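The structure under discussion appears below in the form of structure tokens.
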Amino acid sequence: MSINQIGIVKRNIVRADKSAVEKLARFGVATVHEAMGRVGLMKTYMRPIYSGANVCGTAVTVLMHPGDNWMMHVVAEQIQPGDVVVAAVTSECTDGFFGDLLATSFRARGAQGLVIDAGVRDVKDLTAMQFPVFSKAISAKGTIKATLGSVNIPVVCAGALVNPGDVILADDDGVVVVPAAAARQAADAAEARESNEAEKRSKLAAGVLGLDMYKMREGLERAGLKYVD
Amino acid sequence: MSINQIGIVKRNIVRADKSAVEKLARFGVATVHEAMGRVGLMKTYMRPIYSGANVCGTAVTVLMHPGDNWMMHVVAEQIQPGDVVVAAVTSECTDGFFGDLLATSFRARGAQGLVIDAGVRDVKDLTAMQFPVFSKAISAKGTIKATLGSVNIPVVCAGALVNPGDVILADDDGVVVVPAAAARQAADAAEARESNEAEKRSKLAAGVLGLDMYKMREGLERAGLKYVD
Amino acid sequence: MSINQIGIVKRNIVRADKSAVEKLARFGVATVHEAMGRVGLMKTYMRPIYSGANVCGTAVTVLMHPGDNWMMHVVAEQIQPGDVVVAAVTSECTDGFFGDLLATSFRARGAQGLVIDAGVRDVKDLTAMQFPVFSKAISAKGTIKATLGSVNIPVVCAGALVNPGDVILADDDGVVVVPAAAARQAADAAEARESNEAEKRSKLAAGVLGLDMYKMREGLERAGLKYVD
Amino acid sequence: MSINQIGIVKRNIVRADKSAVEKLARFGVATVHEAMGRVGLMKTYMRPIYSGANVCGTAVTVLMHPGDNWMMHVVAEQIQPGDVVVAAVTSECTDGFFGDLLATSFRARGAQGLVIDAGVRDVKDLTAMQFPVFSKAISAKGTIKATLGSVNIPVVCAGALVNPGDVILADDDGVVVVPAAAARQAADAAEARESNEAEKRSKLAAGVLGLDMYKMREGLERAGLKYVD
Amino acid sequence: MSINQIGIVKRNIVRADKSAVEKLARFGVATVHEAMGRVGLMKTYMRPIYSGANVCGTAVTVLMHPGDNWMMHVVAEQIQPGDVVVAAVTSECTDGFFGDLLATSFRARGAQGLVIDAGVRDVKDLTAMQFPVFSKAISAKGTIKATLGSVNIPVVCAGALVNPGDVILADDDGVVVVPAAAARQAADAAEARESNEAEKRSKLAAGVLGLDMYKMREGLERAGLKYVD
Amino acid sequence: MSINQIGIVKRNIVRADKSAVEKLARFGVATVHEAMGRVGLMKTYMRPIYSGANVCGTAVTVLMHPGDNWMMHVVAEQIQPGDVVVAAVTSECTDGFFGDLLATSFRARGAQGLVIDAGVRDVKDLTAMQFPVFSKAISAKGTIKATLGSVNIPVVCAGALVNPGDVILADDDGVVVVPAAAARQAADAAEARESNEAEKRSKLAAGVLGLDMYKMREGLERAGLKYVD
């Protein structure tokens, strides 16, 4: 293993099974994250640039240095239809690494969206294009093209480890990463979780308390809960 | 007095006078906060989860530990029609303590909304339900049900003291707490403030300066203001 | 030069050339900022209070102390049609220095909008008025009128130096300051930048890679980029 | 009850029992906070201005507006020997509300220290005086004397409710508030906690695992913990 | 691969070569990070709890949930002499997961220190013990023991991926992670970097400019740098 | 005026009068800032890298891009004995732009210290050298040398405008900027302020209240302050 992970573009990556990705796309981030055992969620500062943005696809990853988006053009070539670009930076930066021109290019390559632990710009255009972006910041600040990073190496993006080929699911509740090898299992677990939600919802809507529906009263009493007037 | 305020559910609380609550609901947060002498405002990081959300009602309070929403089910039982649940956590946490199932339950019990110094999830569903929530964060991260907190004790939520029964008023400008015993007086003071705003507004719209309307020129000169060219 | 820049109102300021301002108004903040050599951008925490807000005009500046908006009334008198008020505070403060009454007054004087490194309130009314405001915070917290600041002195607002008369351009991507003397040149440079964007966009949309369009492959190879399988 | 809590100085307050305060002073913040059931801790951003600062005493409280320290002089008169001044501000502010002159005055009145949810200055002098201060910020920015606040009303300081007369305990681990009426009980509980720590410490130092000492293995297994190679 | 990485303790991990760890210990974090190609650095909010703290050792990792330190006792058993415990939390939390009792236990097991993306307490005692801790916060807030996490799985700690067995190097400049397989190479590269620093330092001390020593003048001129009077 | 302020090194700057700088060096930041009318203070996040660091000198300025410290070598050549380097970045960045080698070079050129709105590294060495640095962050992250910035143009550093030649005064209370042309006047005003502090201090130490010494009682009463029991 080389210590230097900078300056590498990995061309062949194993993407998560397509049908598993499609199945995951039917669920919300909260459901899938719960089904995963509550791991793999990005930090809550990652927000959609327009309300209602959502995306599900396989990760192609890119690691850049602060203020330098050269590798965005390198990753563009590695995009396959159905991919989501996941962009990380080696230290905190809010510059606008991405705008409408790159979005046009990414979309032409088949990208479903972008998840970036940094800033983006041309928000009005991106919204008009309905190109879903989840980012840490919005910034008009442009970047240079001077330093190598890497493409399709494992990256940490907004606190979550992303391996190329993993499934990225993002909606109003945030961004979750599902390891490629676990995609099918996660989709099935999400389905199982959701199957009994409808019944719960109608009970709760009818005024049944979670205390009773989930049989919590005994546990609370055992823990020492006291009702006073 | 016991040192331990944890593990208690107070069932009987004195809610603010209903007509005072209704009167307060006619005013904005800025007006009421101003009428209160500029106290009782929550921190500015408390934001509505959807644009236009607003709520006015009497507080039922819940104190939880980070990552644990067990008491949300306990507080649900204490909700009466017209209440707003005010949720505090013993240390900073952005986890999603609340989602569409709990919202369904709260609404069935008559809750008007939720104010929480933590995170919530299922934002899309909550928006579709038009269930007003003011929170510090949005997070898909679920919580456990293992630790007791308390219900209807005084809590500090986002920097403001909330006693059960106090009036909670929230809109695009933030969240303000009106002590139950002062609700009527605050409503009257808010009414008085607003009554002469229309006249001021039309004067200003006609080009009259605040400098003249509020007779500030003399005070500014006395303070030493100098005009230069 | 006096050390004390507090308590001064400068009445005569040199505003940027009107036709240059009008030309700048045709471009986005990202384009103009790029044309400026990537200087003059305010911090990314400056956000529009409603989606789609945008403004272009000449700066009248005001410097205030935390929690005190007295000078807002003083600056109102100095507004001329086409101006944007730029408000700075001597230390960090999120209080609501500005609301619908001041907006009514500013608009009556011809103001195009407000850029403030602090908080504002009455967001619902300001949105209804479509009065564009870019601020650091939204807060119902009112302010007092007790301390002098200054009007039309150079101020640092959200990290950017603003001289009275400079052009202020703000949209979804942020706020940029164009020095008055450079307005024409900046507008021309922005125009030049934008003229060849359409061609680039259609190439990228057709699947041409930035790697090829910008002829980056050789530079990347020289820098040591390695493709692996 | 009046809605307006501004402009009031309460002269007679009930301070926590002196012997209880003295007993609490023997324990660390972590121990007392634990003994209290994990409530009453201020936010972790409250830090000592010099390493090793610590204080224990009864609270006199002061509420001020941002950028205005007039009430600091009012609270000085209400200090009795053994008191700790607890200062809150109606909205977030980092200005330097306190420096060496006020420290000299407070000490002359018998104050043990200051806990302030804002900034202080003259840190070098305060350190030389060994006057313990726990604050949110250090700032040379001075304040004005124009607006009334209140003295000895309940305040929220750094997220914790403080009633005048409560015990304030602060050290390197933070600041905890003990309600006056619970001071004796908290001191006793802290003592009980600490009494068996020595034994635990020597066991752990000898290599005994917490897993065994606290008999956790069975619980972990029941929860489903799995050891793999 | 199972989706659920929670509830697992991996007992056998491959630790970095001991002699490589010892060699890395001779260098500072900045030097090693530079030698690594500028990857693997934790966020800058990770700070030593006392000035001068530093540590070098092999990682045993632990993943916990917010407010719950149960797994700290589980990881204690997996510590071998020379290890550094690296603790991550599934969402942001500043609670005090660690204090002097756990430090006593960890040290008895041979731990060199702790790196934790959360809070710790008993700072005074930890400092007296000279037990090096790098943390995000200091907090007296205790934690519960109710939820499973995992031990010795890959974790993301303060933005950096840590695999069990990796080398953790921390000093006043921050915390860097060296993958176990690259430890020798990183140590050699660090040595190479440092070998010519002494010569550079003496040249610079003698007044030679970096412009000349690094032969930058031509590059700057080519880039367009202009000197004006 | 050119729009492009990037890529320029100004060699001849007018430094503040030497005797005024020397006089200012006798005062603390809080005193000078107060004497200046409370303007010119940098943000409170600017902290000394070691306790007790302080500096006073004339500014040479440098503007850099995030992650790129090339211009640090350019500014080194412009340093004259008695100067303080003031470094700004075009967008927020915490990378380590400066370490012990540059400090050695700067000191050899006569620099008194560094004020930087970004990160630095080699903190242990800088402390051993007693080279005063005031920074926003400490970070081992190195930077590249690829992009031009400028030297000795006006910069905004941590919220304050700094013109080359201005006086920079920094100590435990923060960093203040005194315009070169106002240095003498500021020094005199600081002296005047300090001359009567000794008398005030001894009065307060004797138990005289600020209420009486500053004759505040009448003003407070007029403002409506009420004493209650």
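Should a chain be cited, it is by its letter among A, B, C, D, E and F, assigned in written order, with residues numbered from 1 in that chain.
One rule holds for everything that comes next: contacts are C-beta pairs under 8 Å (C-beta built on N, C-alpha and C of every residue); 3 or more make two chains touch, one makes a residue touch a chain.
Bear in mind the structure is a predicted one, so any value in this text is a computation, not a measurement.
Trainee: Which chains contact both subunit B and subunit D?
Mentor: Touches both subunit B and subunit D: C, E.
Trainee: For the interfaces C-D and A-C, which has the higher count of C-beta pairs in contact?
Mentor: The comparison resolves to A-C.
Trainee: Return the distance between the CA-based centres of subunit A and subunit E, expressed in whole Å.
Mentor: 26
Trainee: Counting in whole Å, what is the centre-to-centre distance of subunit A and subunit D, each centre being its mean C-alpha position?
Mentor: Going by mean C-alpha positions, subunit A sits 41 Å from subunit D.
Trainee: Can you work out the whole-Å distance between the CA centroids of subunit E and subunit F?
Mentor: 32
Trainee: Can you pull out the residues of subunit A that are in contact with at least two other chains?
Mentor: Each of 38, 41, 44, 65, 90-92, 94, 139, 141, 147 in subunit A touches at least two other chains.
Trainee: Taking the top-of-page definition of touch, could you list the pairs of chains it picks out?
Mentor: A-B, A-C, A-E, A-F, B-C, B-D, B-E, C-D, C-F, D-E, D-F, E-F
Trainee: Name, in rising order, each residue of subunit D that touches subunit F in their complex.
Mentor: 7-12, 70, 72-74, 76-77, 94, 96, 99-102, 104-105, 107-109, 119, 121-124, 137-142, 145, 147-148
Trainee: Can you name the residues of subunit A that touch subunit F in the complex?
Mentor: Spelled out, the residues of subunit A in touch with subunit F are 65-68, 90-95, 139, 141, 144, 146-147.
Trainee: So in the complex, the part of subunit E that touches subunit F is made up of which residues?
Mentor: Spelled out, the residues of subunit E in touch with subunit F are 28-30, 33-34, 38, 41, 44, 47, 52, 171-174, 176, 197, 200-201, 204-211, 214, 216, 219-220, 223-229.
Trainee: Which part of subunit E faces subunit A closely enough to touch in the complex?
Mentor: The touching residues are 1-6, 35-39, 41, 43-44, 63, 65, 90-92, 154, 156, 159-161, 178-179, 181-182, 185-186, 189.
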